[in-house]
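Next come two complexes, and both contain subunit A; in the first it sits with subunit B, in the second with subunit C.
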Partner chain A sequence: MVSKKGFIEVGEAVGIIAAQSIGEPGTQMTMRTFHYAGVAEQVPTGLPRLIELVDARKEPKKPIMDVFLKDEYASTYEKAKEVAKEIECTTLEKVALVEEDFEEKKIVITLEPSELEAEGVTIEDVKKKVKSASNFHVDINENVITIKPSSASLRSIRRLTNKLRQLHLKGIDKIKRAVVVKGKDGKFFVRTAGSNLAALLKHPKVDGKRLYTNDVQEIAKVLGIEAARQALVNEIKQVLDMQNLNVDIRHCRLLADAMTMDGEIKSIGRHGLSGEKAGVLARAAFEETVKHLINAAVHGEEDRLIGVTENIIVGQTVPVGTGLVKLRMKL
Partner chain B sequence: MKRKKKIKKKVEQAQAPRTSVYLNGKLIGFYENGAQLLAELKARRRAGILSPQLNFYYNQKTDDLFINADSGRARRPYIVVENGQSRLTPALLEQLRQGEIGWESLVKLGVIEYLDAEEEESAYIAVKEEELTPEHTHLEIDPVSIFGVTVSILPFPEYNSSPRITMACAMAKQSLGTYAVNFNMRTDSRAHVLYYPQQPLVQTKPYALLGFAERAAGQNFVVAIASSYGYNIGDAVVMNRSAIDRGLGRSVFYKTHETEERRYPGGQKDKFEIPPPTTTGYREERAYRYLGEDGIISPECEVEAKDVLVGKTSPPRFLEEITVFGVTEEKKRENSLVLKSGEDGIVDSVMITDSLAGTKLVKVRVRSIKIPEIGDKFASRHGQKGVIGLLRPQEDMPFNKDGICPDLIINPHAIPSRMTVGHLLEMLGGKAACYSGKFVDGTAFTGDKEEDLRKIMKEYGLDEVGEEVLYDPFSGEAIKAKIFMGVIYYQRLHHLVSNKMHVRSRGPVQLLTHQPTEGRSREGGLRFGEMERDCLIGYGAAMLIRERLLEESDKTVELVCEKCGSIAVFDHVKNKQYCPLCDSTQLHYVEMSYAFKLLLDEIKSLGIFPRLLLRDKA
Partner chain C sequence: MTPVVTKMIDRIKFSLFSPEMIRKISAAKITVPDTYNDDSYPIDGGLVDPRMGVIDPGLKCKTCGGKLRSCPGHFAHIELVRPVIHPEFAKVIFFVLKSTCYSCKRLLLSEKEIEELAAMIESEAEDELKTKTKRKQTHCPRCKAKIPEIKFIRPTSFYKDGQPMLPTEIRDWLAAIPDKDLRVLGLDPQYSRPEWMVLTALLVPPVSVRPSITLETGDRSEDDLTHKLVDIMRINQRLEANINAGAPQLIIEDLWELVQYHVTTYFNNETSNIPPARHRSGRPLKTLSQRLKGKEGRFRYNLSGKRVNFSARTVISPDPNISISEVGVPKQIAEELTVPIHVTSWNIEECKKFILSDSYPKAEYVVRPDGKRIRVTPQSRDEILSTFGIGYVVERQLMDGDIVLFNRQPSLHRISIMCHVVKVVPGKTFRLNPVVCPPYNADFDGDEMNLHVIQNEEARVEAEILMKVHNQIISPRHGHAIIKPQEDYVSGAYFFTKHDTEFTKSQACHLLAMAGITRLPAPDRKDKYSGKLLLSMLFPKELNIKVKSKLIKTKNPEDDPDALVVIKNGIMVSGALESRSYENEILEQIFHNRGAEEARWFLDTSTHMLLDVVSKHGLSVSLANYSISAEATAEINKLLEDMKREIEAAIVQYKNKTLERSPGLSLRESLEEKIMQITSRARDAAGAIVEKSMGYNNSALIMAKIGARGSILNAIQMAAMVGQQAVRSKRLSRGYRGRTLPHFKKNDYGAAARGFVFSSFKKGLSPTEFFHHSMGGRESLVNTAIRTARSGYMQRRLINALQDMVVAGDLSVRDSRGMICQFLYGGDGLDPIKANVKTEAPEEIKREEHEA
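Up next, the complex of A and B:
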């Protein structure tokens, strides 16, 4: 029976309480952001990150992955570094100077042998990839590759150059950088800038069970909505913990539940949760009043006065707390 | 910028680097040696060849020389120093004392120089004459001059934390005193005048220079720092009722009301008179009881809310209706000057003149005496403010061996976190001044020091830090702890409860929404906002929300047509209910907020027809 004490009563306004419980300490959140060890780029934390999560952005500003390795690769730095190199996506831009020559109407790629070696890419590889990427005349001379496109419009040259610069030579797509980090347990893992969950899950040297990404949308795509819900909870909690804000995890769970309840991640606000409320009046009371009223008129919508907002507008008892209690029998 | 760069580039290419010279921020030319030019310019200004209003600044790093002569620069005077010697020589000082020369001539002689913010960058200023070295370029006339007028009046500011000084300045501007010596002849719309203003016992040099003592804004209070049965918690203060009865902190509040005989297009005019009972909007007869034949009240009438100060009738807003007999009857409109609630007092003076438009103008000044009461605000000159939490008669105040008891008891918690040491020093200084009969100098940096004050205290056989044994007023026993008691200047601030307090149980509502009005002047309610509403929802207090938002606000009962869902009407003439849209008589009374009814009307104005579907409550 003790366990039942922790249950929420019928009619408890959990949503409002969750909103207040996250919102109140949220006002104290600083705009300060912290650095992730190893990865040079700044990852948003604090308020910007929380907004990012709640807005359900397509991609986080700075996607990050923690790639844990299978035991045989996690023991030494060298072995982990090897995997990191393998994972890291190398583009042509990284190993060569790609220049366009508008006068001669050609593109000149000057390869850097030292960079090639560092990235573990051979000249032959590059040549092959470049050839297959551009179906024009390719001239190869030592470290210099010259491409003469047949259509000579300046714009097409520029487009091709940009495409070539991003030419994928090696590694896993989207993984811009990979750094080896020593974990708390003494084992090494790889932290990456950029996220590609699906590809890394299949990687033979990676322990897929422990793979972490901060891209919630990607989790939803690859692992499903339940996983995304949990990821959302974790991310929100992490942001709050980092600022030393003590928010009960159940509030975060409710928020994540609300965001994921119908199979896809919905944002909080006009384009998501609040914009899809059942009642016309509730939606009109939130934002874009006229739009909702007119649409409701066009569709002949009926507001059944189920929510709290609607009932307050109309001037009725709200269906929460004591407002839920009703007499079964008329006296 | 671009142009400057271009010019500069050209010049640099052609010649050796030269100083760019700017006048009021505009590049006007080049010179070989900036430092030399600067020295020459300064010398000429000091010699009186150039205007003393010019300022020069040479930036060595960028090799730019700025000459500023434009308006709006903040400038401050300093004594010029040359080779470590002040140019204000003893001989000059003597001439000054004799009145042979004045400030202007000192400026002309190049003894005094005004620096602006830019030139100050290149100056090395000594605060005291003893500090002078050959490197110094200027000498501060007096260290207090670092501060502005408002701070320079505060005693011992250098012992306080800077935010408290800022606050003290802000509060000094709200203090009651003698704001103008001719206040009795003025008709300010509101004015406070303190009854027995005193000059502070701890003064500063600028205080005397400004002649502030002649129009003082405060009184010297005997203050003890002690807790007092919880009535001075959280910046509340306990005050001595007997002291207040003797006139401490008492002030008058003057409020001037005015009205004029306006002219209207069409030759019509307002008229000052006792409105005849036939006027539309005629008040009860009692309201006009003080008016003379001319419709104007006379001085020394005790007026209360709703009393008329000046009776006035205006022509009707619209053209007169034609009566049955076909004669137009002049129906005037009552438009008197009425006293609002909470503005009671005594008519102090009545003034009749002409307005700028040439119409008759009447100003009535109402006076009311404001005796300190619970909730009135007081502050020392150290950012220490508080409101009265309790008035206690003298016999209930602690007293010392001489029978002196405090006028004010402030809480010790007000001191440590705010670090207003100056407050404590002023208390000590005030006490010393009381015994010695001499004012204490609290001027910043140069005033009397703590040791001086202690010495005076010792001289008169007192505890040198100002602590005393006080006796409990109820038992007569000595209070175990020694209590710090001193005399300090306190200001009464113009935030008086009597001008602020406000309650409402029922009252006026707005015409449009039927919701309670807003604001004290309209006898309004306090807003129960969105966040407050959220809290009640969160608490699950559904009935309380309903009461706040409906029953106590804009509850209405409307007839609703069951058939078409629109608001129906009740025709009082025919004594019949019907739906104006479908003529149905299947109508029901529905309880709703008036705001919702208004919303329905507004939606209709959008061209959308909202229907109410009726159902019995489950």
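Up next, the complex of A and C:
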């Protein structure tokens, strides 16, 4: 077993070590994007992805999900494909040509039967959905739907057209594309562009326990902060591993823990962790110097000089490592 | 001598100056909008009034009597005839005005709401206040008066129901708000009354803050701040004259507005919606805000980073003969840098010798116990020695064995600064053992490094314990060795431990002597000594290793006698070392089992030995190493022909639309994907051919395989073909419409047209290939530039966010406020440096032991 000697020493500036360990290899990382077969091109990896994670963006640039299926659907491609079709969100735009006729002040929707079939949507479905989406007179003629809005302004027609193009016909919202992929274990799973954790967790054919998304904020929302913390660790580690950069997992854990310690995902930077630091001087030295000084004066703030930066500024020992130890003398 | 610290700064309070306070601390009231008179003497009451302190040598400060160095400078003030708004506080003023009633000057909240807010914790109250102030009210809940609509136009204009408000009116309003209501707004009335944000007296910083410079011509050039203050004074005086003369209101307001402009730009010359004040030359002035802000501002440039004495910088060059923990310091530098030595009864004689010496190790200064520094010269020498004794400090020149810090920028991690022992050497460059290059990321193509001499015992001890080179052998980043032998040392280790390497007795003695070993083991190959045996002399007894080599020369690993590296009880049994086994396995085990000092010893001795091995064995590469046989060339050509044909076939399929579509891709994208697969397959196949043709006696291939230098890809590009060029991970496509160059047909998707370089570097590239290659090269250059900037900023943010995280006594991680970040560091409390320790021998070896 691990000997006692293996423990970290008290006072060690583990934050700085973690930051350096993750930041230093940054110069060696590539900026290239990764191609997830079929789902989404150009998923950020390397440095851009790491910055994305550390920034705690609301949504990753390219949300991706790996949807593992219950055994009975995972065995053959066809069955998995069925689920993929079911999941994939189909918009009207995908199965039809939506055009506006400004002269006649109408919108013409030409359905493409082949696409309809491919997506597994019936004409009746579309008609019903279109009808309920537009409160105007709807004319249905074989494969062509014509809508005559009562209000005549061109702008409102344009707005309605855009709305119709995005009309949600079937599938799960936000799942833009779903592709069947053969896993390493020989079983099939679905990889999607776009992420909707809450909806897929409820899906009866999906193995919710193994559901994966790269959207950490969504995990925080759906599963809670502890899950998000673990997801952050995994994502950071994965980014570094993909670049063949060996970084101890403990550094990733510290970073993730620091980002999630307040119960929500805080970004690294002036809008997150750094902006909420205790010391006025530390904040002023980081970014937005004048703003912090002015606010400190207005609120009569006090800097207790408990951080690293503050003590460097005033020229005192830093409260880290050996600087933490004090002697009290009996006088 | 360093004075004993008796007081520490405990806290710093931020607040606003009241006009009364400004007048109270002011040493002078500025009355003249000018600086020097015709005799270039400071004008009394001018902006460089001598009561504010002096910057000219020889003059005395009229306030404290101090001279240039001893006077810290004193503030003065300007009485503004009409108040003006402090631009940086305008937003706060707006907030206060919006939240209070114009008639009764109370908060626009009922008494009950105020009490509720006062009871809440700060952050909650802030949010609550925001929602409450946002709601639309037409009448004051207290006095029922109509609430005027307040409009704020940045930077400093306020309107009440569309009518402009004068600063006097605003000031009166703010002054009438009771303290109690201000507290609810988050203001601390004791330290920041809102009316103080409308300035009636302007604080003038001392001249030492804005020194003027004398040009060679003898002309004085004033600081930007002084210029700005002169502007303020001038307009302020004109305003006063106009008021006294009873000028029309319109003119007065114009001048007032002008004072406001000058004050605004005095505080911040980058205020939006306002033209920046400019110097005569057209350069925008650097005023207060600009002095503090940004990378070159006061905070980041002067406060977070400080300049130091006792440091040196020069070019580095390699010296494999010094220890890894040493640094070679040129004598010239050693003569310039000094180390303070406290005189005790044990070293007094030695210290006297330094004082008496006229040449190299001599004393430069002596510090008496009363703190007076005396330069040691032949004249002062006798006087110093007459009273010299214990308690004095001698500052002597840098000598062998002194402790210094050594650093190379960019300092990306803590091992970019390490503690070395001085070794004074001839020449003009710092010498560095090449084994310590990786942590500094240094090479010797002109790199410069910095050296800092430690000036007190406490720091010296800390540096030795915490920062000494051999204590940093294992990087905290991944728990593996970062200070490790590279390149030729690895090659040396390989040749040395190969199964057929043997040495005669005299050779063996010589090699062992290189490592400082004087004991000769019994020969293991009849009367000869194997390299393995000789290297084993450096291993500790308990070293047990079993790893697969990176270089396996035969199809079946068992046929290669060097394929399996086994060390049993400190004796090397089989295998030839390569980078993994030498740099990591052996070194790390010694470090963990025997400690840092022993690991240092192993690094020093083994590299000395291997250096001798590799220089005598000889290791070179030439063009011949990258020449492949005619058969291999033919094979490669055939491979390329096949590849071309395969690509053509795919293109035909694409044009016939019979190409299989990859899921989620368009037909065009599928084609690209397929071609990329074909080219990368061709590259791998070429690699195999090249490897085969080069053979395992080829030093270039050996180096690539054992991880010493170079890679197979380099060999392919030189011997076979350069391969596919890419921009944004795709084949080249941009340039002209439908083609990269006019040499090709439009919409030609073939290999050559889309950036495949068939030629090898050895053969030379055709013009189009050269152009394509430089397209790819350009991208990687641009990417490197962007990447360094982006990753630098990311690291700055990471450091800033995490720098206060420290391991507390219970192994939890806490920030400076004491908030817990992790309950147990890393989840298991383990130090990454010590987490990978393999203290026990591999299972197989233990079992074999048992059986034997």
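By our rule, the second predicted complex is superposed on the first by the 322 of 331 C-alpha atoms of A that agree within 3 Å, B and C clash if a C-alpha of one lies under 4 Å from a C-alpha of the other, contacts with A are read in each partner's own complex, and residues count from 1 in each chain.
Quick note on the criterion: contacts are C-beta pairs under 8 Å (C-beta built on N, C-alpha and C of every residue); 3 or more make two chains touch, one makes a residue touch a chain.
Nothing here was measured: the structure is a model prediction, and the numbers come from that model.
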| item | value |
| --- | --- |
| Subunit B or subunit C, by number of subunit A residues touched | C |
| Partner chain in contact with A:308 - subunit B first, subunit C second, else both or neither | both |
| Subunit B versus subunit C as contact partner of A:209, first or second or both or neither | neither |
| Partner chain in contact with A:155 - subunit B first, subunit C second, else both or neither | neither |
| Partner chain in contact with A:58 - subunit B first, subunit C second, else both or neither | neither |
| Partner chain in contact with A:326 - subunit B first, subunit C second, else both or neither | first |
| Partner chain(s) touched by A:184 [first = subunit B, second = subunit C, both, neither] | neither |
| Touched partner set for A:258, first subunit B, second subunit C, both or neither | second |
| Partner chain in contact with A:27 - subunit B first, subunit C second, else both or neither | second |
| Footprint overlap on subunit A, comparing subunit B with subunit C | 11-13, 16-17, 19-20, 290, 293-294, 296-297, 302, 308, 312-316, 319-322, 324 |
| In the complex, subunit B residues that touch subunit A | 533-535, 537-543, 545-546, 549-550, 555, 591-593, 595-596, 599, 603, 606, 608-609, 613, 618 |
| Interfacial residue positions of subunit A with respect to subunit B in the complex | 11-13, 16-17, 19-20, 290, 293-294, 296-297, 302, 308, 312-324, 326 |
| Footprint of subunit C on subunit A - complex, ascending | 2-3, 5-27, 29-33, 35, 37-39, 47-48, 50-51, 54, 177, 179-180, 246-251, 253-255, 257-258, 261, 268-269, 272-274, 277-282, 284-286, 289-290, 293-294, 296-309, 312-316, 319-322, 324 |
| Complex contact set, residues of subunit C against subunit A | 8-16, 88-89, 92, 186-188, 190-192, 268, 289, 292-294, 297, 299-300, 303-304, 306, 412-414, 462, 466, 476-480, 662-665, 729, 783, 786-788, 790-792, 794-795, 797-809, 811, 813, 815-817, 819-822, 825-832, 834-835, 837, 839 |
